[in-house]
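Some notes on the structure that comes next.
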Amino acid sequence: GGHATTACLITKTDTNPFFVKMKEGATAKAEELGVELKTFAGKFDGDHETQVQAIETCILDGAKGILLTASDTSSITSSVQQARDAGLVVIALDTPLNPIDAADATFATDNYRAGLLIGQWAKAQMGDAAADAKIGLLNINVSQPTVGVLRNQGFLEGFGVDLGDPSKWGDETDPRIVGHDVSDGNEEGGRKGMENLLAQDAEINVVYTINEPAAAGAYEALKALGREDDVLIVSVDGGCPGVQNVAEGVIGATSQQYPLLMASLGIEAIKNWAENGQKPEPTPGKDFFDTGVGLVTDQPVDGVESISVEEGLAKCWG
Amino acid sequence: MSETTQSSDSYESAANRAERVAEFEQHNRGFVGRLQHILHLNPSFVPLIVLLGSILMFGLLLGSKFFSPFALTLILQQVQIVGIVAAAQSLVILTAGIDLSVGAIMVFSSVVMGQFTFRYGLPPTIAIACGLAVGTAIGALNGWLVARVKLPPFIVTLGMWQIVLATNFLYSANETIRSQDIEAQAPLLQLFGAKFDVGGAVLTVGVVFMLILVFVLAYVLKHTAWGRHVYAVGDDPEAAELSGVNVKRTLIQVYALAGLICAFAGWALIGRIGSVSPTSGQLANIESITAVVIGGISLFGGRGSILGTLFGALIVGVFTLGLRLMGADAQWTYLLIGLLIIAAVAVDQWIRKVSG
Amino acid sequence: MEPILKGRNLVKRYGRVTALDHCDFDLMPGEILAVIGDNGAGKSSLIKAVSGAVIPDEGEVFLNGEKVSFSSPMDARDAGIETVYQTLAMSPALSITDNMFMGREIRKSGFMGKWLRQLDRAAMEKFARDKLNDLGLMTIQNINQAVETLSGGQRQGVAVARAAAFGSKVIILDEPTAALGVKESRKVLELIQDVKSRGIPIILISHNMPHVFEVADRIHVHRLGRRLCVIDPKKHTMSDAVALMTGAKEPDAQDAAA
Amino acid sequence: MSETTQSSDSYESAANRAERVAEFEQHNRGFVGRLQHILHLNPSFVPLIVLLGSILMFGLLLGSKFFSPFALTLILQQVQIVGIVAAAQSLVILTAGIDLSVGAIMVFSSVVMGQFTFRYGLPPTIAIACGLAVGTAIGALNGWLVARVKLPPFIVTLGMWQIVLATNFLYSANETIRSQDIEAQAPLLQLFGAKFDVGGAVLTVGVVFMLILVFVLAYVLKHTAWGRHVYAVGDDPEAAELSGVNVKRTLIQVYALAGLICAFAGWALIGRIGSVSPTSGQLANIESITAVVIGGISLFGGRGSILGTLFGALIVGVFTLGLRLMGADAQWTYLLIGLLIIAAVAVDQWIRKVSG
Amino acid sequence: MEPILKGRNLVKRYGRVTALDHCDFDLMPGEILAVIGDNGAGKSSLIKAVSGAVIPDEGEVFLNGEKVSFSSPMDARDAGIETVYQTLAMSPALSITDNMFMGREIRKSGFMGKWLRQLDRAAMEKFARDKLNDLGLMTIQNINQAVETLSGGQRQGVAVARAAAFGSKVIILDEPTAALGVKESRKVLELIQDVKSRGIPIILISHNMPHVFEVADRIHVHRLGRRLCVIDPKKHTMSDAVALMTGAKEPDAQDAAA
């Protein structure tokens, strides 16, 4: 249908449930509004080249707008500029570009805040024991994509650890940190990474994980040692299986994001741009439109705003 | 023409007068000589030596932290999936092929097992059988393309990798089946994760399966006709064909068997990570090929032993855990593993050369 | 008498090169047929075409008067045709024993053999050793040596031993003594006589005229991709044969027809 | 022993009487026959046919959207990095090796160029020279390990891949150098991204570089002694050594040259993506090997042409863009590309067989 | 007279197999030295050891009285020793011309050759064609054919042509006529005589006694990895030679000392 508005959705990958949901949200909204949607994704987290090619394809295809979760937030800006020059509206989803105004608008979760919330929660939850906690961190991979760094550093900040350089993980000197390992953001890597951390120090009692699949893997490793009940696992994402795991005590708390919301807002914005030439406005006081983060836990602590598991399940995206 | 015949016979008949079996000086061997001889006859012992050497090294550096039953069995557990997949990879590489689709077959089989149980409500036994069948079928298709259509294995399995992985994501809709659900409803899927104690060391069914698999394959490759054919096909397919091996059938069987083993790896994967996760196994190709090559099997086919592969996988496992224990951070570990892979093979070459 | 193995009008082209050019071929029961010809005349191509190693572009092959179309060397082998190819067709990394028994391994008797399909290495090694001794290949020190470590002549000896041991209907030898020593060549000639006395016909390709004239019953002269003529070694001299195959002499009418 | 000598001479001398150069029947060729003949002599035309076929197919399916100068030059732009890296990969694969470190060398070289300029304030020309030198040095190290220490190329470059990539992350601290900064302070780094118009089609320096590189290498491989040595080394290194090729030196040169080309690819990468991003190029290995194999170069070395590699890279580029334009979503695109890789090579094999 | 090429006490072991067992060796200037011996006696190992193709475990090699230690066949070639190995050492996928000129290609003159280092294919092809014609290898239809598509004998012919064309000090031929036809063998023998008349000494390994006795000046009899004796073909019969190399006869005292 050459007459309908065409929109593109470009995600980092389409294997991570988070992006799968984002795509579902966009597809549903596009159908509702009669927008033709084309979707693209990188082959792995950090696959920048495929995203560049996707933007070029969208320009060639005559799309009206692009929804983009960038793998490399600063490198992508030249391609984004090319698209904007060609008359497309480019909206960054989930991850702001660097600089943020490289995109026409940003509908994002604040990943740093997501990390911060679970860090604060974990600290409060442990109380005095937090002073000599033993922390293991399971990141995504050694190439340190920005989301991973933001979540990780947010968590450490929230937990009260001195960050060193906030643009990378691994340079902290706090003795409470047992180590950083990588998990590829999936169960397999989560288990292996957790085992490696446990081999370094079997007394680990706080575990940060990049996402809930990694958390599930870490839990399996702990279970194999019978230590699943004395370790606090925190995570980010808020997918339904993840929230379910919070309900069952696998994960202590998780920061929930709202990919469906971001995507459907994005489609609406493109439609609006195509028909009225209007660009969306940021959240007052911020330079982006914040789609919000919710800390999901059944053990709320003072000073950290959170929502219950029921609420989390109602809003989850799985 | 009897006159010419005789003339040729006349001097040649001189050859028939006496015969003696060749006896060359047999030089004496000391311990080193005997070791060399053993290594010469059993080249798979070379990676074993490298393995023992690296265990010893980390043992000396790290002491009881490394020499604990926990750490040592942990290595086995971490290596089991790669070990099983590498066994499949070894078979394929012995035929001078390569299988880039092993990881995809593994994870897709595990997804089939999980989804058939949870989406369609099939009994786990049937779902597992289906998963194994799917793996075998994909492998057989690989084999058919390699043997019959005569496409290069690299391309066939590269294409298949993408096809199977995409199918996997499309079919599973990227949904994980949670460990808790499996435990409650279909514990059979987690069979390979079952633990038992052997004198302080915790082994899992998956680890035992890996070990048995490797030994069975070693037997098959060495002591059955089929095994010899696999080597012959990899060594020189034309010569094998001319000397009476059904090269095509052997190839199809090898790829199908590799597919089946990968499907078992998929089952073992469920046991290891508890859940069914469609995003697992993305590094299985490269890790399995690494294990095979470190283990001394030639990528040109026909040479090497599958026991070597097991040792190869363990060498990588030992290094990885050892380095983490020594406190190297993730990026440094990554770097050092790269160095050590090269070093392990260099030592291997050196021992081979010395053992001449 | 009907030929046991017959080729008619065989054509094989390799790109621009025509290796077989409407070639005929007959092997009579119980005979030793020598095939001689210049290098590149197409002798190896001919025997490959009749033994299933290449599939001819045109033409037909008959075994015992029946048309056969071998699609692989295995088919020919199953029909009782055993061939020593000029390239020897051995797996370099495998042992002598493995190579000799490739495709017809001996299994152990009893449980190990029946159920675990274990090979009977001892039996195979003994058999291999015996066959090599028959050929006088005494310098092979280790029967489990990889074939790639053998000397050129030793390798050829192993290939000949294999064919002689297993051929049942036709044995084809493509230059079997090329790399062999004097003693070993003698042994192969004896072996050929021996096989013939068992009633099995043999095709022998050789450039060694004394050997050819010593053992052959008939000589097929191959030239430029086709059969020039068939001569009787008792009625012609070696010089005749050489002159024919190099084109220095035209064949007599009755030979050319043969 | 003159009597025997004569007896041997007596019949052999019959051979010397006449001589005639062989003349076989030359069968007539029609158009098909001539085409077959051309393909037989120039096997690299086979992937060219597949390429033209696929362009035609997408052209018919997508019409002017695909047949526009913009779309067609877009393919060239999207393929340029893989094309350059695949040229390096071709050299290595022709020697029966494989280079898994190409992607790592590429990004690390680009990071060196960027960081040397921005961190140490070196003039861009010097920084670029350093980047090229680093790439060459890593390549030479690969070559040294392969040729001198006699390690398998797969392992050497696998290890080097990890080492270089980890070094890259450690050295760059995972920091991207932004396009705007480069444009302002060191536009030379973006040289390969410079665009010019050729009749509506927009080409970049990088695209032109890729094309020139491939043609120069094709010339070198075909028309210089060094090129023939590369083929000989890949075909049978032992025979090459025995017949007078300095196998070790040739290997080291090939790997070093591959490293240099990858460093150029790193420079081109800056031009393409504008910025210096240490996370780029992670798929360069597999994509370059795919292009090489689709292009008809044998992974066993010694056979094939580098022009084929260019066509191989373009085939993948055409498929990828075509499928995306047709609106296939990512997983479907992967699945179809997987299928098409296999199909492309199958068609290739078929044409080769027919052209016998 | 000082030997031009001399080996002393050469030892080469392969695992359990001893291929050379404290072997001596002498090649005199301008002579044709034949090396004969059973299959597996170690003849090829011997010439590999003196031509740099394998590095002996023990022992020394002298060229023109000076100790040399070739670490690769290239070293030997640069010293003027040209060898045809039994395995022929050719790159199967490359053309005849490429193989003949491997490592000593001819470049075009002028700009193309000097600066673009372009090969002079026409000149190389002509040279190759001529050399093959000299050997009577007329059945080779296409000089740019890949070597792997040649018949066994054609391939050997190409290897011999290469050595003869380029050898300057010593030419070593390991069974050069094994796969050759009658006519082509004759040509090679003529070629050997021809090379000798140019003053270049030749080592000829062969199992063909008539050929050996026809051309050799001296015969080195190799047995069980070492030199058994050196005999003069004018003073001994072929039967003597065969008996010596197979161990049926002991060498005379003065020969063994030689």
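What to note about this one:
Letters A, B, C, D and E name the chains as they come in the text, with residue numbers starting at 1 for each one.
As a convention for this text, contacts are C-beta pairs under 8 Å (C-beta built on N, C-alpha and C of every residue); 3 or more make two chains touch, one makes a residue touch a chain.
Here's who's who by UniProt: B, D = ABC transporter permease; C, E = ATP-binding cassette domain-containing protein.
Quick caveat, the model's predicted, so the values are computed rather than measured.
Between chain A and chain D, the least number of touching-chain steps is 1. Relative to chain B, the most remote chain by averaged C-alpha coordinates is E. Put simply, the chain farthest from chain D by mean CA position is C.
The mean-CA centres of chain A and chain B are about 37 angstrom from one another, to the nearest whole unit.
Chain centres here are Cα averages; for chain D and chain E they lie 39 Å apart. Separation between the centroids of chain A and chain C, computed from CA atoms only, is 71 Å. Shown for chain C are the residues that touch two or more other chains, namely 14, 16-17, 40, 87, 139, 141, 182-183, 185, 209, 224, 237-238, 242, 246.
Contact with two or more other chains is made by residues 14, 44, 142 of chain A. Residues of chain D in contact with at least two other chains: 4, 7, 11-16, 19-20, 22, 24, 165-166, 169, 331, 334. Chain pairs that touch one another are A-B, A-D, B-C, B-D, B-E, C-D, C-E, D-E. Interface of chain C with chain B (complex): residues 53, 72-74, 77, 83, 85, 87-94, 98-99, 102-105, 107, 116-119, 121, 136, 138-139, 141, 162, 182-183, 185-186, 209-211, 213-214, 233-234, 236-238.
Chain contact summary for the complex, chain C toward chain E: residues 14, 16-17, 37-41, 44, 86-87, 137, 139-142, 145, 149-154, 157, 175, 178-185, 207-209, 224, 242, 245-246. Here chain B touches chain E in the complex through residues 10-20, 22-25, 27, 37, 40, 356, going by the rule given at the top. Across the complex, chain B is touched by residues 14-17, 20, 44, 139, 142, 170, 179-182, 184-188, 190-192, 195-197, 199-200, 202, 213, 216-217, 219-220, 223-224, 241, 244-245, 248, 250, 318 of chain A. Taken together, the chain D residues at the contact with chain A in this complex read 65, 68, 70-71, 74, 77-78, 81, 165-166, 169, 173-176, 178-180, 272-275, 277-283, 320-321, 324-325, 327, 329-331, 334.
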